[in-house]
Every structure is written in structure tokens, then in C-alpha cells.
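The same chain A turns up in both complexes below, where it pairs with chain B and then with chain C.
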Partner chain A sequence: MAASLENPDELDERERTALKTLLKRLADDEFVLAERYTEWQVRAPSLESDLALANNAQDELGHARLWYDVLGDVGLEERDLVYERDPGDFRHSTLVELPFEEGDWADAVLRSYLYDVAEDLRLEALVDSTHPKIADRVGKIRSEEEYHLEHAQNWLERLADGGEGRERLQDALDRLFPYAFTLFEPCAPPRGANEASGDEPRAVDPDVEDDIVDLGLRDATLEEMGEEWLSIVVPYLESLDLELPVDGRADDGADEFEFEVTEAMLPEERGRDGTHTDAWFDLYDEFTHTYRELERTETTRIMDKPE
Partner chain B sequence: MDLETAKERAGPREFSPADDLPEEYRKAATRMIEFHANSEIMGAYLERPFIRQAPSIDRKLAFSAKVQDEIGHGQLLYRAAESLGVKTREEMLDDLANGDGKFLNCFHYPMESWVETPMIAFFVDGAAMRRQATLRRTSWEPYAHAMDKVCFEEGFHVKHGEDILAELMSGSKKEQQLTQEAFEEWWPRIIQFFGPTDDKSTHHDFAASVGLKQQSNDQLRNAFLDQYIPKARKYGLEIPDEPRIRERDDGTYEVEEDDLDWDEFFTIAKNDYEPGLDQINGRKAAQEAVQWVRDTIEGDASAAGGHAPQAAD
Partner chain C sequence: MSSNIPDDTDATPCAYTDYREGESTADLPATGADATGLAADVWDALYGIEDPEMPISIVDLGLIYGVSVDDGDVTVDMTLTYSGCPARDMLTAEVEAAVTAVDGVEDIELRLVWSPEWTVEMVTERGKDDLREFGLSI
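== the complex of A and B ==
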């Protein structure tokens, strides 16, 4: 195992960039997904499902808060990371930024499922992270994510059972699957890191992703996680009689999955590289609205800093 | 049980679904609890956009939790109302969507800006707390029981609202000014929260006679003003000149009723107020958009997220 990256002051440039890149993709995914989930509050199909999804939204927000807080060690505050950040600097997957069409509960539960499986694999690969704060926080987060996955599967199975539910799930799957691949896309380095220019979208730097694994921050590559993700979601969705746009099987009918994502399989906007859909910029304007309107320069903490 | 017996027996938490209560009681209790439940839902509807607009992650979390609590209160209250055997939860929710369900005057007004959030979360919730605290002694036991949990959680909501108010009123000049403007706009509505004065209240006599309602509109309004006028001043808010409020020698307050817009109040009470209709219809559209989900899971009510009609407790 690589040496512990505990002391932020002792990190060299390469280590800092790797740490920031990893944490931003973790935190941004959770933050933006939570932002979308809250759209269902007071709009879900029943009071019970309203409460359940609100719960998941708060869990994801709490996780985002935990990851952003680790970035405090490298001098980044909430205002730098959320409220005063350039929207093009966010590194979340475009899967989480897409808006929900009113009433499209199939999208909500399928998106949760695709995301939560990936999240579970990603957290598993962080359990032994060389950054102690990351390793410490994974445990709490995993225990909550487990319930999210159950919740999503429970709903998927119920919707897949009926005619309209199955049709809507299939529509959502056709639309969301390409975006789900972006969960495993490499990130462009954060602004100001290495030789990255201010041009947008910035070039993806595969070295950063290698560094994340080489430094032991995370012990699986994006490709390995992508392959495992396919081997879970493909058979499961097929078992619900859904048709996968791409299945990733190595040979016809084989149980081996290869994660070969071609340009054609990916959507135009991938998030990780700084390209985003128009909906993201609208969302960003909405969640920074009050902060800008009141000309705030700092964010209010009402809870203690996480340990 | 006949009505006279119900009136004689009426006391805190006196009646439960085991009692055979007269129809007048069950209808009055249903109307009162349904109104309360609807208000939780419409309050949540009004506040939801501010989960997104909150200016920090902690505030966002607190707002999301508050909205979630309110949906939870609605769930509890509909259940307490259902247990009277007059209306099902589905009927009540459908009536709310169709514009037949009644709810608090304050939740008919649109809320557009963050500086307005403490007007609901501090003042309206604070006013609601006054009323709800007395309802822990209401005669319908399931309602009183629901109030135990509701009051506990509302305590946190009022603190959350107070904290936002304190922050705004110690912020920039601009924040303070915008907050004062919002206060002036909301203050008369907040006074009207308690309804017309006792001599004009239509439902009070009966509800009080069977122990459903514990205090009159005037008593509740007084208690609220007594507590909240000093609080508003403490944070630097100026109480508007109108409605004129006079403190009597005994420490109670007299509100000049003619300074308040009762035409608007009664238009709202009939669900005819235009901006409020937008909110009713907005919620209706959201509910209709997920009708297909409810249809899909019908007959599959045992799994998570579904709901069977509640049996009487």
C-alpha cells in the first residue's frame, strides 16, 4: 500500500491534484443528485414515497458535505466549492444533472439504481484509501447507500410489473444509459492544476486518474469499476424484461463483461471533462440565486464540522 | 353516544375510535384535522423551492428536513382524521387537489424570496406552535397524540426560522431592509392567521363545547402577540403602524379589525384568491403527473411506498 497521505501540508503537487480530482467527483455527484432529488419533495406519488426520497436527498447532501469538508484540508471552503465556483468547473457526471420531467417517477428510480450501484462500487474501492479521512468517512456513507439501493430496486420491480410502468422504465433506460457511462469517465484536472489552461472544455488528463489509483487514494480503476457495474446492472435490468441499448458482454451470451466505451456510446456532455447540459447552468443559477442576490461572501454553518 | 353526553364527557384526550361518537362531533373533528393536515402539505409546497435557493449546504439540509417533517405531519394528521370514519385520506387529498380542501390563509400567498422564509418559518410556525400546544389537550385522542410529535418537531422549525431571521437582521443593510419589507407585507396575514375575533368566528362554539378546540381565536392571538412582538423588536424589526394594535391595561392586545383586509381573508377561505389558486393548481398538476404510479401499484399496497386505507386505530 502507498504511504498515508494524512498531512495535507506534506502533499506534493501531483498528490494534491489527485486528491482534489477524486474528492470533487465524489462530492459534486452527491451534491447535484441531491439537488435533483429535492425536486420530488411534495411531488412524489404518495406521502410515503415523498418521505423516502426526501430522506435519500438528505443523505446525499450530507455525503456531499462530508466530501467537500475534506477539501477544506487543501484550503477550499464551501463558497469556493459550491457558491462561488465556476459552473464549468464542476466535475459531476451528467447523469445526475439532467432534470426530471414532471411525474417521471420511472426516471427517478432508474437513475437512483444506476447511480447507487456505481456509488456502492466506488465506496468499496475507497475503504482502504491512503487518505485516512476518506477511509473513515466511507463507513457511514456506505451504510446509508445500501438502503438507497434497496429502495430503488424495490420500486423498479414494482414498476416493471405493469404495462405503463415498464414502458416508462424502458424510455428512461434508453435516455439515461449513455449518461450513466459518464460515471466512469476520467476527469479533467481542476482549474489551476498542472498545465491545464482556462480553455473549456479542458482536456482530460488520464494521468490524474492513474495517480488516484497509484497513490492508493482509491484501489480500483474507472475501467474496473465500470466493468463490475455492467456485470451487475445488465443482468438485473434484463431480468426485469428491459432491453439494454448496449450490454458490454465480451461474447454473445457470455457472463464476462468488458467496459469498452466508445465515443458513439457517450453523450456529448460528460460532466467529468467540464462539459455540461444547458439544464446544469439553469440549476446552478437557481441554487446560487439567494447567495448572489444577498451579495453574500460566506456560507452559514449551523452544524458542527464533521469529525 | 348522543351529543349531550359527548359535551358532558368532553375533556382532554377523552374520545378514541372505540367510542361511538355522534355524527356532529365526527364531522367537526374531521373538518378541523383535515384543515390542519392540508395546511401542512400546502406549507411544504410553498417552502420547497427554498431548499434549492438556500444560501448554504447546512441551510439546504435544514430546509429539506423541514419540508420532509411537514409531509410527515400531514401523514399523521390525515391518519388522525381518517380514524373518525368520515373521509378517507384519498378523499381528503383529492379534495385538496380539486380546490375543495381548506387550509391556512398564510399558505395561499406566494413566497418569492429567501428573506420571506422566516415570515413562515418563524412567525407563522410560531403562531402554529401556540395553537398546536393547546391541541395536545383536544378531546380526540388520535389528534392529541399526533400533536405530541408535531409540537416536538415544530420546535426545531421555529428555531430554524429564528436563526435565519437573526442572520438576515444582523447582515448587510440591504438584507435588513429587504427583511423589514417582507415583514411589513406578511405581518397582517400573520395576525389574520388566528382568524376573525371571537364574536365573528363561526365554528368556535361547537368545537369548544365538545373539547376539540381548547382556546379561542382571541386568546391565541393575544398569547402570540405577547410573545412575538418583543421578539420581532429584539431582532430589529419595526412593527408596522397598521393594523393598529393597542395594549390593554391587563397586558392583552386589542387589534383594530378594520385595519385588516377581511374581504381578502374570506376570499382566501373560499379558495378563490388568485395567487393561492396557482398554488392549489400547481400541486394538483404535480399530483396528476404521478397518477400513473398510483394506478400501477394499486393492489400492490403492501410494498414500500404504497398505502392501504388506514384501519381505525
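== the complex of A and C ==
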């Protein structure tokens, strides 16, 4: 195992691809979720929830930037990673790109819960990353994430209390749960990074995910994280009297979970492999609109860099 | 008549907020107190930069983790209080400009660092006074 993967010039092709793949998973999830959260600004059910979600969006944008900054070391700038990137190259889970139906606050709350539990687990698996810049960022991000989960659970409990709120939660759960599984799906490597990918969607290369763990970039496999995620979200959602479409319980144990995701449990578009819903391409057009309209070739800075 | 006015002794902090103090880190806050020569001049320049929202120097706020000088090449390690800080580019540009303007500095490398994470414990005593003066409870 490499002692340190910090120096970008010393990375071999395998290490570079693993690093890029991991960082794109992390950053793209945060960036796209933030884009969706901001749609609630001035539309959330109360002033407090409006401010809370807007603030969570700002947190996620900050975290996306911390991860994108590390990609800067391997030559990818904000322009390449956001505004001039092929939308098919984004590797976020499709859970974060789905549009909200008008006024469906239960969706926003549940989605945030499903995502934030998964995020907490993957951050935990990055604490001892062999890449120092990754490890150094985890503490900061975790300290800001704690509130997100608290906020989501607080709202879930209120909505689940009865009546229409509970029904809306159940609908959202039926709809979102298959997409939440894609949080733990393997990634196709970045375009052009590997001939095996052939630059085609769905060309998932399981070796890349193995490399991420073998190189010590992250110390848990997708399956391990998925299993732990199930063991947290399933009992919790059941305690709110919600019915899980799939509960992941092993045959014999009441609280033993197995993360065995079959094709039938997954949605058609998984994000990690480069396949996305139509809503993603619309969202991409929207957030790159001004950049294109103004014929920008680089991202705008508040102030010029000093000479 | 005054029965509706809450008594100070009854005041309770917001139940939804965790008022953590954060951990203090042995070498921080860094203030350049022992710096000499060009490094001392760089610290002086950094002291001159204020937080965009509060009347406090970024050094007293604890954002600067270290300054090192190699001939005219200066490296500054700096953090931000918040990962999503909207003033990030403004602050880093200001630091680069202020340090570059110091007589004897040829080049500056500004490194944004995130560990240890910034907490209120990083604020210097003088900084705490400034923040109290501004009306913050710290």
C-alpha cells in the first residue's frame, strides 16, 4: 500500500483513477443535492425550515468545494468540474438529482435523512484515509453535517405523527428508497481514465471500487457501508410506523442486515455509472445557463487575483 | 406588572442548540508573537486584515495557522470558520495582496487548511474582547 498519496506527480494511473472516482462520488453528491435544496428557498413550510434548508444547501456547496479542491491537485479546475463538464460525466447518485414535486416537503425531509445517514457513514470511513487532504477535511465536514441529520429527524418525527404527513412520507419512501440504494452502487471510472470504461455509461469497473479500499483511500467497502446504513434507517423508519419497500433483513436474524441489492431493486438510472434521469439534464442546463449565456470561459471571482 | 419580564436567572439556552466550546489545540491560535524579521512584517500585515463581517483581525479570529519564510518566499497556512464561507475568495485575495505588498516578499503561497478545524477556542484573548465589544457573547 502506498504510504501517502498526497503528491499528485507520484500517483500511478491506478491510484489517480481511484482518487478521481472517489472524489467525484463525494463532491457530485454534495453539489447536486445543494442545487436541489436551494429550490426550497422562500418555499419551505416555515421561516425556520426555509433558513435551515438554505443553510444546509450552503454547507453542501462548501463541502463539494472542499472535495473539488482536492481534484484541483490532479489538474481539474472548477470550470472543468462544474460549468464545462459533460453532464454524463457526473457521478452523483440519482437520489440527489430527482426533482421535488411542488410543495412535497416530506420528500425533501426524507431524502435528506436517507442521504445524511449514508454520508455520515462514508465520512467515518474516510477519517483514516491514506490521502492526507481527504483525512484533513473530514473533521470540518462532519462537524457541519451533524445538524443536518438532527434537522431531518426532527421533521420526520413531526410528519410521521399522523394524517396527511405520514401518507406523504410513505409515498416518498416508496419512491425514493430504490434510488437511495444507488448511493452504494459502484462508479464507472471518469471518462477517458480507463479503456475498460469505453466512455460508455454502465461500463462499471468494479476494480476501481476495490482499488479505493485497497489503497486505503476509504476503509469500508460499499457493501459494508450499505449494510450499516440499512441497520440504521430500517429500524428508525419502522419506529415511525412507515413500511419499508425492502427491509434488507437477513433470513434468520431480526436485526441482522444484509446489503444484497438485486437489479430488480434498483432504478433504471443509477448516476454512479453515468446514467441519469432526464431531470438531471434539465437541472444541468439550468445551473450552467448564465455561464453559457454570458459566454464565460472561466468561473467568476468576486475579486481579481492580485498581481 | 413586571411579572411578564423574565428573570435573568430563569433564562435557559435554546434547547435545540449544542453550545460546544470546541477543543483547544496546543499550538493555536498562532499569532506570530515570536516572529522576527520578514516573518514579523508579514504577521503585521495579516493583523491589518479584518474579518468581512466583524471588527476583528483575522489573526485574532484564529484563521492563520502559520507563516513560514524562505528568503522572499512566504507560505501562509490559513483556515476559514466555515467550509461554505461566501467570503472565501475575497479573504484569500486580500491576504495574498497584503502579504505581497510587504517589503521583501517576492512570492506568497497561500494554503487553505481544514485541520484542525476552527472553533471558538482559536480566538485570541484580544479577539474575544473585540467580539464582546461588538456585542457577541463569547
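The rule is simple: the second predicted complex is superposed on the first by the 291 of 307 C-alpha atoms of A that agree within 3 Å, B and C clash if a C-alpha of one lies under 4 Å from a C-alpha of the other, contacts with A are read in each partner's own complex, and residues count from 1 in each chain.
Methods note: a contact is a pair of C-beta atoms (placed from the backbone, for glycine too) under 8 Å apart; a residue touches a chain by one contact, two chains touch by 3 or more.
Computed from a predicted structure; not experimentally measured.
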### Message
Once chain A of both complexes is superposed, is A:143 in touch with chain B (first), chain C (second), both, or neither?
### Response
second
### Task
Report for A:158: first if it touches chain B alone, second if chain C alone, otherwise both or neither.
first
### Query
For A:15, is the partner it touches chain B (first), chain C (second), both, or none of the two (neither)?
neither
### Task
Please indicate which partner A:120 is in contact with in the superposed arrangement: first for chain B, second for chain C, both, or neither.
neither
## Note on the structure
Comparing chain B and chain C in the superposed model, the one touching more of chain A is B
### Query
Looking at the overlay, does A:105 come into contact with chain B only (first), chain C only (second), both, or neither?
first
### Message
Going by the contact rule set out at the top, does A:185 touch chain B (first), chain C (second), both, or neither?
### Response
neither
### Task
Look at A:296 in the shared chain and tell me whether it touches chain B only, chain C only, both, or neither; answer first, second, both or neither.
first
### Message
On the A-aligned overlay, A:273 touches which partner chain: chain B = first, chain C = second, or both, or neither?
### Response
neither
### Task
For A:211, decide between first (touching chain B), second (touching chain C), both and neither.
neither
### Message
I'd like to check the shared interface: which positions of chain A are touched by both chain B and chain C across the two complexes?
### Response
58, 61-62, 65, 301-303
### Residue ranges of chain C touching chain A (in the complex, touch as defined)
16, 82-87, 89-90, 93-94, 96-97, 100, 112-118
### Task
Would you pull the chain A residues touching chain B in the complex into a rising list?
31, 35, 38, 41-52, 54-55, 57-58, 61-62, 64-65, 68, 78, 82-83, 102-103, 105, 151, 154-155, 158-159, 161-162, 164-165, 168, 286-287, 289-291, 293-296, 299-303
### Message
Touching residues of chain B toward chain A in the complex: what are they?
### Response
41, 44-45, 48, 51-62, 64-65, 67-68, 71-72, 74-75, 78, 113-115, 163, 167, 171-172, 174-175, 178, 283, 285-290, 292-297, 300, 303-307
### Summary
chain A contacts chain C in the complex at 58-63, 65-66, 69, 135-137, 139-141, 143-144, 150, 301-307
